[in-house]
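Quick heads-up: structures coming right below.
Two complexes are shown next, each including subunit A; its partner changes from subunit B in the first to subunit C in the second.
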Partner chain A sequence: MGKYITKRILISIPLMIAVVLVVFLMLQVLPGNPVSVMMGEKANPAVIERVTEQMGLNDPVLVRFGRYLIDALHGDLGISYKLNRPIATLIGEAFPNTVKLAITAALVAWIIGIPAGVISAIKKDTLLDRFLMGFSLVGISLPVFWAAMLMQFIFSAQLGLLPISGYTTWKHMIMPAFVLGWASSGTIARLTRSSLLGIMKNDYIRTARAKGIKESLVVVRHGLKNAMIPVVTMMAMQFASLLSGAVMTETVFGIGGIGVLMVSAVNTRDMPLLQGSVIFSTMIIILGNLVADILYSFLDPKIREQ
Partner chain B sequence: MSSSDTIFQIKGLKTQFFTSKGIVPAVDGVDVTVKKGEAVGLVGESGCGKSMTAMSVMQLLKYPGRVVEGEILLDGEDLLKKTKREMDDIRGNKVSMIFQEPMTSLNPVYTIGNQVSEAILTHEKNVSKEEAKQRAIDIFRKVGIPEPEKRYSVFPHQLSGGLRQRVMIGMAMVCNPQLMIADEPTTALDVTIEAQILYLMNQLQKEQGTAIVMITHNLGVVAESCDYVYVMYAGKIMEEAPVRELFKHPMHPYTYGLMNSIPKMTESKEHLYTIKGLVPNLLHLPQGCRFCPRCDKAMKICTMYQPDLYETEDGHKVRCFLYNKEVMNSGK
Partner chain C sequence: MKKKLFAALLSAAMIATCLTGCGGGDSGSGDGNGTGGVSYDDGFAENVLRITYDHECESGDPRQTTADYIIPMNIFDTLLITESTPDGGSELNPGAAESYEISEDGKTYSMHLRQGIKYTNGEELTADDVLYTVDSMLDPERNTLNSPWMDMLVGAQDVLDGNATTVEGKGIIIHDDYNFDIVLTESYAPFLATLSTPAWSILNREACDAADEAGGGKTGTFFGSEPEYTIGSGPFILKEWVLNDHIYLESNPDYWRGAPKIDGVLIKVVTDAETERMMFDQGQTDIFDLDNAPHLLPEYTTSEQWKDCIVPKVTFGVSYLAINENIEPFGDVRVRKALQMSVDKQTILDTLYQGAGVVAHGMYPASMLCYNKDLPEIPYDPEAAKALLADAGYADGFDMTIATNSSDDANTKELVQILQAQWGQIGINVTIDQMDEASWYDVRATGELPMYKATWWGDFNDPDNFIYTFFSGASTKTRSFNYYNTEAIARIEAARHMVDEAERMEEYKELEKIVIQDDAAWIPLFHLEKTRVVQPRVKGFVPHWAGWGDCSYYSVELVAAE
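Entry: the complex of A and B
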């Protein structure tokens, strides 16, 4: 078990470095000198040249990458050109909102998705199954911003039940959580259904029935634990992607999270901020996959042994 | 045959599958009687309905299969009249079953000890978890699993096929059932392990007085482990007899063919004997005797009428016109 986890963690480290390198290089390829972006169009070319030299921007790419990597490991992601504040601080301010949104949305997704999948599998090919799968499909297919605006129209504008945007009280969290959660719940429900249906065909399910265990317990105890192996992976990956920022939802509901931070960085050509927030998001995704792998080993004794 | 020592009886069982192509009569009027502590063999080729008979008894038939007629009497009570919940109490408790596939019949995410004590805890509500664990360890010892205390917390994939089948047998025996159905319990195992498993089952049968229905395609298994044999073909019983009698004197051409297709150590032959033709498609059964198209002793009457089970001397019953005196005397 410990060996397996250590191995997973060790594999993650080079992956993280590679991701940072790719993001770093991609932003190098983009045209435009960051110094001229920082100083405005009317700046003196000689000054620009001097500042560029001072900031070490004329150094070879790999030297700059090494410098960036070492700083990043110390928690220093540079300073935003436009906001003139440390990027780590900006991310630190935005991240709690994203975390709140991710947790509430994930809870909605799991609470709807897993039972819906299980019920669908048990009641396969009935009206209830069709309804639940239809509901999931709508959740997956609806563009998030459209569902969000529809909800804002109904629950805020028409009924006046919930605040339309902002992110301060628990009431603000309801609509964004539901919009994002619904979309994720669809995937979970469909995966849970197909996984459970596959598992229920196994010989050991027949053994459990032959033992005289009640059908509901056969499903939950013998079916679900096996069926959850792929679902948990999916859940962890979804959660990681929620944590890396939900651009649409954050924008529509005016939530100051990582997603909004990234969009504003793009709009203002704030390259260090964009680089910092993109790298931060990808780290979250990699960590999410790592957690998924570790959870996996708790469910599947075969993996635990390796 | 319905004397007081009969523990289990199947009467006129018909199980059919309602498919889109038509009704498949997988089990077509089967009668089986098992006495207390007796081992009865049910022999036949793949697809002859022997497993479906077992699944009908357990009421674990998969859609679109259904028992349409007959009685399944355990200790005089008809299992087909039981509710779902009553059947849950019987399965694994009074009637248990072991399956052909030891490699896949155990749940990979639970320890074997957990899975065996689950059977105890399901049926005996007043047993504590500790007691169940102790009993599971005891049964592991009984079925010959080395180091049972240690093995209690081992996962199925850490065991060999033979050991897994021992676990399955332990699981089936742990509630002291009146009847154990073994569906090809040794087919997936090596011959050496097969002998051990059969020996173990006979041992338990004698010790605990459990009646066994042994379902197999292997006549060797029957010879080794059964007291009485039913030979099944295309959903019907073709011949039944005490095991010695059947081997000494097979009567039905099908049984005869089965025995002839076993290679003998004393003869050297270029080719093995085979029964010509294939098992009939149950959707398009021949009008007369079901074995008729493959039978080398077929007569005219065989293509027209279905024979009954005719009782002959020495406790034999045969479904073949060759043993009907009227037919044979009239010379059709």
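Entry: the complex of A and C
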């Protein structure tokens, strides 16, 4: 078990370094001088030349990469060209919003997804099953920005029940959490249903029933526990993905999270900020997958034995 | 069982529909009068002006931005202030400097500061702060972007080159705390007007030094980003900055012109135009800049509810098509004139911009000091254009390219497609080359960018800010015009040094006609109008004199509904 976890962690380290290198190189090969973009129509050749030199943009790529890597290991991801602040600070201020959004959305997804999947499996092929699976399908299929705008229109513009934009009070969190959670709940519901249906056909379930155990106990204790192994893995990966930034949801609801930070970096061609936020998001996904792997090993005795 | 479930679902759907229908009538509009129609969900007081910004503001430090001036314009003072006049023009008024004299040779500006102007850290604004402002803008250890506003001072180049640390005694000569001279290397007639631009915001030495120290140095300074360290003397105080959420500017009760009538300005970052529209309709924001959603212009301007709340302002700017004379066949003036005459500008203005603006036949907007109302119109005449092309040897047309860049707005992208169609009618085959923004700027700087559309927003009311910016010897190449009338270029470069103001203005009028109409070096398109819609409770809102999106909110008052 310990060996398995150590192996997974060791695999993750070179992956992280590779990500830093690839992201850095990809952004370096893009043509054009970012200082020209910073100045826009007010471009002045003398200023562009001076600031380019001051920012070290004339140095060879390898020198810049070495400098970036050393600084990054010290927690310094550079300074944003446009916002003129340390990138680590910008990420540090945006990440709590993304975490709040991820947690609330994941809760919505789990609260809707798991019971929906279980009920659908138990009530297989009934109207309820079809309704719940239909609801899940709509959640997966509906573009997030459209669902978000629809909710804004109904609950804010028409009913005036919830605030349209911003992220300061608990009321602000309801719509974004539901929009994002609904999309994720569909996947969880469908996976829970199929997994549970598969498990319920096993011999040990038949044995449990033959012993006269109550059906609800059979489902929960013997069925669901085993059916949740792939579901929990999926949930961990989904959560990591949510933590890496939900661009559309954050943009429509005006949530200052990692997603919005990345979009603004792309729009303003703020390379250090884009680099820092992409690397940070990728790290979150790598760590999420690592946690999912570890969690899987705890849940699945077969892996534990290996 | 199935029937019960179906009935339950149906009932839920009906209740939801009813609730939606009930709310549609009034809550969607929100009267925004601050007396009971709106309950603000942002936690700020009612007497706070609420506006939106469609992106995170770059910096509050005027040394670090050439684009987002909303913070500097509201928290700092400038020596002079340019203000709108009722006729749509502008005038230069005293600011932190209550008076000034200009020497006969036009090189020395003796400034007299108003006494008693206080920064919010308690320091008084003195001549030393002006010196600090200049020195730090020119400091080569900072990545300052606005140094060109000050590099004409004596000794400025030495500081920029790292050979000196100050212009004291050269470009700035301090007599006492309130009196000092600004000395230029050569006369520069528009200099006075430049003193009212945000780049000339007067920064406090002590506050900036503290911000540098706290941020770990000049490049990491907290000035302009951390409210605690961003100290000014203007009508508002930078109180709160929650990244990608909001900026709050609180009224400065000790402002030398008197405290603002509002408690503060809340700038909400809203990147999505539809969200912005819903917030405004609900009364959650007070001013909606329709540049962020031009498609809504007809809706608001014709709406019974909003048509009296529209605040239009013709911008002090010009949209134009750049012609690169190095690319054949644009070296031939007949071809350039044919292009000028074959663009149906009014149709483009009506179609894409809902007619919000005026067609341009020259370079200067109507509120320019030397505006020439007698400048002949450039007619829309495709037949005459065809004849000119035939005369130039291009009766069958030719192939050409228009370069767009990735950050162009949707209207610009559509505009070039309309041009493609309009020029197609006279046989010109247009290819649209979409380029990445940084590459676009880089290629333009080499003088090799083909035709492109751009918009220039004036910084100060002087023709030099337009004609010199584009057609001075250096600029004509770096903006990819490659204009070859060396005589006109020499006159443009000389005009800025002319001391007689009336003569100078006449010279600029003549130069405009030579460059735009005789030489057809540009295709002027229009002077666009910036349109905002404001809540009825907003009174005294005066758009920026040049029609910028950023402006001072000092004059705003919020009133209860009548």
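Operating definition for what follows: the second predicted complex is superposed on the first by the 276 of 306 C-alpha atoms of A that agree within 3 Å, B and C clash if a C-alpha of one lies under 4 Å from a C-alpha of the other, contacts with A are read in each partner's own complex, and residues count from 1 in each chain.
Basically, contacts are C-beta pairs under 8 Å (C-beta built on N, C-alpha and C of every residue); 3 or more make two chains touch, one makes a residue touch a chain.
Just so it is clear, the model here is predicted, and its values are computed rather than measured.
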Partner chain(s) touched by A:Val252 [first = subunit B, second = subunit C, both, neither]: second
Subunit B versus subunit C as contact partner of A:Pro86, first or second or both or neither: second
Partner chain(s) touched by A:Ile284 [first = subunit B, second = subunit C, both, neither]: neither
Which superposed partner A:Lys225 touches (first subunit B, second subunit C, both, neither): first
Partner, of subunit C and subunit B, that touches more residues belonging to subunit A: C
Which superposed partner A:Asp203 touches (first subunit B, second subunit C, both, neither): first
Which superposed partner A:Val179 touches (first subunit B, second subunit C, both, neither): neither
Touching partner for A:Arg50 - first (subunit B), second (subunit C), both, neither: second
First (subunit B), second (subunit C), both or neither touched by A:Asp300: first
Residues on subunit A lying within both footprints (that of subunit B and that of subunit C): none
Complex contact set, residues of subunit C against subunit A: 2, 5-6, 9, 19-20, 22-24, 27-28, 41-43, 55-56, 58-59, 61, 64-67, 140-141, 143-145, 147-148, 151, 160, 219-220, 224-225, 242-246, 268-272, 274-275, 278-279, 281-282, 284, 407, 436-442, 445, 454-457, 474, 478
In the complex with subunit C, residue positions of subunit A that touch it: 30-34, 36-48, 50-51, 54-55, 79, 82-86, 90, 93-94, 97, 126-128, 131, 149, 152-154, 156-160, 163-169, 171-172, 251-257, 260-261, 263-264, 267-269
Residue ranges of subunit A in contact with subunit B within the complex: 202-204, 206-215, 222, 225-226, 299-302
Interface residues, subunit B side, partner subunit A - complex: 58, 60, 84-85, 87-93, 96-97, 99, 101, 104-110, 118-119, 122-123, 155, 157, 168, 171
